[in-house]
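The data blocks that follow each hold one structure.
Okay, so chain A shows up in both of these, paired with chain B first and chain C after.
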Partner chain A sequence: MRTRLAPADISRPSDRLSHIEAGDLAPLPSPYEDFNATAIPPLKPEKVRHIETSLDDTVALAIPRPASPEEEEARVRQFLSGLKKLFEKENNWTFLQPLLLSMEHCAKCQTCADACPVFEMSGRKEIYRPIFRAEVLRRIYRKYLRPGGKIASRLTGDIDLNWTAIARLAELSYRCTLCRRCAAACPIGVDNGLIAHEIRKLFSQEMGIAPKEIHDKGSIQHLKVGSSTGMKPPGAKDSVEFIQEEMREITGWKVDVPWDVEGAEILLIHNAGEMLAWPDNVGAFAVIFQAAGVSWTMSSEAAGYDVVNYGLWYDDVQFSRVAVRHADITRRLKVKKIVIGECGHAHKALTVVADRLLTGDLNVPRESALVTLADIVLSGKLRFDPRRNDFPVTLHDPCNVVRSMGIVAPQRRILEKIAPRFREMTPHGVENYCCGGGSGFALMSGHNFADWRNRVSSRKKFMQILAAFENEPAEVPKYVCAPCSNCKGAIRDLIGHYHAEERSRLYYGGLVELIVNAMADMKKPIIRFGDEPSWKA
Partner chain B sequence: MGLYVLTYACALVFVLAMGLRIRRPIALPVHVRWELYPVRHETAERVAYGGSYLEALNWWERPDKRSLWNELKYMAPEILLMRGLWKENRRLWWVSFPFHFGLYLMVAAFGLLLLHALLALGGAPALADGHPLGRLLDGLIVLAGWSGLILGNIGCLGLFYRRLADPELRDYASFADYFNLGFIFLFFLCAFAAGLGDPSLAGARAHTLGLLTAGSALEASIPGPSAAGAAAVVLASLLTAYIPLTHMSHMVMKYFFYHSVKWDDAPNRRGGKIEAAVRENLGLRPTWQARHVGADGRKSWREIAASEPGEMK
Partner chain C sequence: MPTIELAGKSYEVDEDGFLQELDKWNEEFAEAYAHADGIEGPLTEEHWKVINYLRSYYQEFGIAPMVRKVVRETGLDLKRIYELFPSGPGNGACKLAGLAKPTGCV
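Let's turn to the complex of A and B:
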């Protein structure tokens, strides 16, 4: 008898399609074994009474339950209408060709399964298998939208379409971090990450269903007030003013952040979350640029100081709006190029994906800060004392920067120069593992989603970090360098969740902080391990 | 004659269906970039670790340096030897490789048979008794034919075994998957049985010659194919027509996966071809229904991208 779930089971009503028991998850090494015996804290019944929760142990979307069978039917029709649009050029020219190829050519060889950290870490729970959700979509598409589908589906794989299946599929598209490790492993080139992305789009663009953290509080807020953090232009300027003061203490000289300078060489755009959560990162950029004599500016126009583009993860329309805003601001400032701060998804959004969206003078040159920084660090313009970074360092590669953009070497060239105790994770570069916070997960924490993330999608990264430092004594402070705001958010949560600061003395931060920390003429270290400075002045 | 007609009809279906398959991705609008590194037309130094031109300072000031040749150099062994599968899923490679390579060898053997038939029709002296070139061609036909048959049969059996024995594969296999495999296996089996009665594949040579002349060039003294041989011809013809109608066309479509998606990193330059295609795409009129989109079937992508979400109005 078959005990494992199959794609067709998605439409069979039950309270919960899949559940992770304590002990199912891939075991963590010492001193974290105590976590191996604990399960994901259950959802609180009183909080989820009116929302769809029948997929697994968590919820990302909190879709309201339809009030009547008629409403369910209407939603099923809406879903099918959206699905059809995914295959029309008017509605989906952006991804039509890659989607069609991936929909039609999977050989079901399961090579991708071993590449997926979510599937592996969950204890190989069937619903997280990369082709599970792809196969659900494929079967629905074939059966309900292709001529003769009802008969053909008996031969190619059947599935029933009902509201249960749809609600679960929507949730399931948010159990994949879009890291595309599976696509890199697929011998044919099928991209299950892309299929998850397209499912998210269908729900957002047709049915208005998306996680509130990335839509209402994310891309909508970004367009409305200027930043997905909710920070308006005066707030951004205030934060930076405060950061300048902080930097003055570290450098011993006055640090200036130029605003709205027309014709500057560089417009630097940060993930605005840095200003609030990691102000040293914003400050460190200013220190480096100023010390290297770079002509640069920041923009105080709404959206001009926040480079995020959450649309990348779920909605082409929101994506286009934000990308056009960024390009328009740059064009009007007449700068030579945008330099994108330490934010992985913004790298891919603005440099790569938006490339086939921006035309004429909106198509302004865009560059990764890692490239700009490598040029400065290796140019000899700054003096370094690498002994100041005399602590173990490992590097987390943001998927969007490596696998999706091929920017792999510049950050390593920098680390080789300034971090004498740098060591790689295994694997790294284009074969890296996601931090588990990709595709918006780092921002999503409703109900118990953060618990699910820390235990499942970020688990592989945690194990990789521990392995990178396995030969270091527990009491030695260790630095995980993560040049991406969302990755930092996920790693911060991991460290907190597993008490890794107390147990392994794990700390994390960006790349610019390491650079400034090694600059020979700094008065104080910018990196601290708790209360302890990383070097003595 | 019936066999020839069937083969001609199937070849026609193959050409039409494959043509449509290939035309479809080519005719689709330019899509946004979604490349995946390593991108194989990069410089050798960058390919080694998966780097891109985006690693260069002011990359837009540098000339494009991509080479289709580098792509093909990577893709040929990838398609022929299944290098990716070897790296990522070796257990499956041991059965999948003989299966696929067996099919490629069958195609190669057929190509050689056609060459032989063309030479024969042209009265080429190379085919005269004892001529070394003729012997070489005969040898190659036998080598490609027999190794293809042996590998194909082993591969089919191995794939059947893996699909049935491995629950991960079994759970996702549909009737169509078993049918496709069974179909190919039946062909390999019949061809193998026909070969046992005709180890030098003289029947195959005669049949191919007949194929080019609708049977008129055959001497009456040459006997018709054996039952197994006829079955192999029928199955091979049907298979030729069937493959492009199914996902098994991935052997060819892989080119598009790689060339048009995974490695499509061509930057959009002002005034260039990509920009013109993007402008055209921006004129398309979507009909997505969610409120924030604000589409009504009349507004273009360009207008919508410049507008505010419905929630803000």
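Let's turn to the complex of A and C:
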């Protein structure tokens, strides 16, 4: 009989450590049963000949195979050097204490395993168990970094460190969305999500291994040209000009987006992806702020119009560069506070983690747009006709905003006022499930990674969405409200992958679009379901 | 880096087939790629309207324009654009126009 995969197996060479068959995945309900019989498309051999694929037949990183045994050894030494730095306060000023506590105190009670959607949806594959990844790192740490570790490890669980183990561990750190549902469930506060993050950090900062979508085309492009989308200031202004014209048709009045206004109350920074992929979101913010008489501005300085900070997911150095840039732009513009648009990871990056970085006059006040919007909606300054949102609505809770920051109520107070057919998902709030696109996954689509995401990491969210609408007829259009660009990207891909627009009439969008759609003096609906307007003018 | 052979020439592309060396683009590239992408016959005036707009916007701003802007500027509705480019405005039209693959949260 085959015994269960153990952490030590990570260093035993084989073609793959784990594999998902179609029948392993948690079954989807009607009318999606046809997907239950189809497997994740395999990697194309001619495209992966020179890269590491020995984890699970999926690739996030495309790590080149070392050319020689000497190169392998050099990579192992590099890994150990990086590992050492993770445990030094000079080199890990951000997360050393929670990392140490998580290394020392796991009781292996497995409460986290039941909390993890990737583990559950994959059919409980050992490699995705939250403590599997953590235990690999823990054993390497104990054996190679602790005095006497090589002898003690024979008792506490041995593991051999070789290139195979390292390459697999790197990939494995990108099979967790860092949603930290496991950490919230742990009775003693061990954070296996943080451990995945620290592994990513070691690989990026010490070995130059990171997904190209979030490093080369992400952080680096953000710092170089001003946005991870590649959009330079004139492109941002051109897009916004077009959005203003579109909003004029919706509102019937002239909508103005103020740029670079010194001393404004609010500097609103969007995820720049919104301007290209979800322009109504950017427009709806402008409509609400203008109608409520808010003193606000956007910044046209490079990086000042893109609030993303992908470094949060994998690299403290990139994280710090972007966070300081955001704070510095704000300081020079002399605004009272930053308001972060509907972008989940930017919330955590700029408000929570940057708190350890921004001191003195860089420590400008930072606020979630959900809070700003709740103040506006509840102030009575806007007049609503909630009957305009006469369609079923459910709410997705972005992990970084809700579980990590505890912002639970503002978005619900807004929905109570404007969405009469709102219903919660089960579970929701701080117990929500990740969209499956967290920590950069929504941007990553090389090889068959998007298929893995749609089939495995986003699967729980898809089932939750379907369950929230299970009593609604298939032909009724349904709105998934997801106030986060990354989550929207993942949900859009889910809807496309499972043909859920055709089969269940699922649509998605942000929170501000729902607010504007219910404003009584709008001339036209901002929300459309395909060709169909959400209300008749 | 993968390459693609079109009309007797070799081009470097990324794994999704987006051209890597943007200055290597030429009209034969678009014609030959259209054929490989399942578009029948030579490219029509409407195809060129979309491709030329995408290229001129990209040259000015360094990014692809938002889809709605393509609709407004070319006067072709989204349905028509999908008929012209069955792989869609991003994976179809942008690829033929030799633009880089979109990046960031889009």
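Basically, the second predicted complex is superposed on the first by the 535 of 537 C-alpha atoms of A that agree within 3 Å, B and C clash if a C-alpha of one lies under 4 Å from a C-alpha of the other, contacts with A are read in each partner's own complex, and residues count from 1 in each chain.
Everything below uses one rule, namely that a residue touches a chain if its C-beta (ideal position, glycine included) is under 8 Å from a C-beta of that chain, and two chains touch if they have at least 3 such contacts.
Here the structure is a predicted model, which means the values were calculated and not measured.
Student: Please determine, from the superposition on chain A, whether chain B and chain C clash or fit.
Tutor: On the shared chain A, the partners fit.
Student: Could you look at A:238 and tell me whether it touches chain B, chain C, both or neither (first, second, both, neither)?
Tutor: Second partner only.
Student: Between chain B (first) and chain C (second), which does A:432 come into contact with in this model arrangement: first, second, both, or neither?
Tutor: neither
Student: Which partner does A:458 reach: the first (chain B), the second (chain C), both, or neither?
Tutor: It touches nothing on chain B or chain C.
Student: Which of the two partners, first being chain B and second being chain C, lies in contact with A:173: first, second, both, or neither?
Tutor: Neither chain B nor chain C is touched by A:173.
Student: Using the touch definition from the top, say if A:400 reaches chain B (first), chain C (second), both or neither.
Tutor: The answer is neither, since A:400 touches no partner chain.
Student: Classify the contacts of A:485 with the two partner chains as first (chain B alone), second (chain C alone), both, or neither.
Tutor: A:485: touches chain C, not chain B.
Student: With both complexes superposed on chain A, which partner does A:213 reach: first (chain B), second (chain C), both or neither?
Tutor: second
Student: Considering only the touch criterion stated at the top, classify A:389 as touching first (chain B), second (chain C), both, or neither.
Tutor: Neither partner.
Student: Looking only at contacts as defined up top, I'd like to know whether chain B or chain C touches more of chain A.
Tutor: The partner that reaches more residues of chain A in the superposed model: B.
Student: May I ask for the angle at the C-alpha centre of chain A between those of chain B and chain C, rounded to a multiple of 10 degrees?
Tutor: 160
Student: On the combined arrangement from the superposition, state the nearest Cα-Cα distance between chain B and chain C in Å.
Tutor: Superposed on chain A, the two chains' closest C-alpha atoms are separated by 18 Å.
Student: What residues on chain C touch chain A, complex-wise?
Tutor: Going through chain C, the ones touching chain A are 2, 15-16, 60-66, 68-69, 72, 100, 102-106.
Student: Which stretch or stretches of chain B touch chain A in the complex?
Tutor: On the chain B side, the touching residues are 24-25, 28-39, 42, 46, 49-60, 82, 84-85, 88-89, 92, 96, 167-169, 171-177, 179, 247, 249-250, 253-254, 256-258, 260-262, 265, 267-268, 270, 274-275, 278-279, 281-282, 284-293, 295, 301, 304-309, 311-312.
Student: Within their complex, state which residues of chain A touch chain C.
Tutor: 47, 213, 217-218, 221, 225, 227-232, 234-235, 238-239, 242, 246, 271-277, 279, 306, 308, 343, 442-443, 445-447, 485-486, 489
Student: Quick one: in the complex, what on chain A touches chain B?
Tutor: 2, 4, 6-7, 78, 81-82, 85, 89-91, 93-98, 100-101, 104-111, 113-115, 131, 135, 154-157, 180, 183-191, 194, 204-208, 215-216, 219-220, 223-224, 315, 317-318, 320-321, 323-324, 337, 351-360, 363, 365, 367-368, 371-372, 375, 402-410, 429-430
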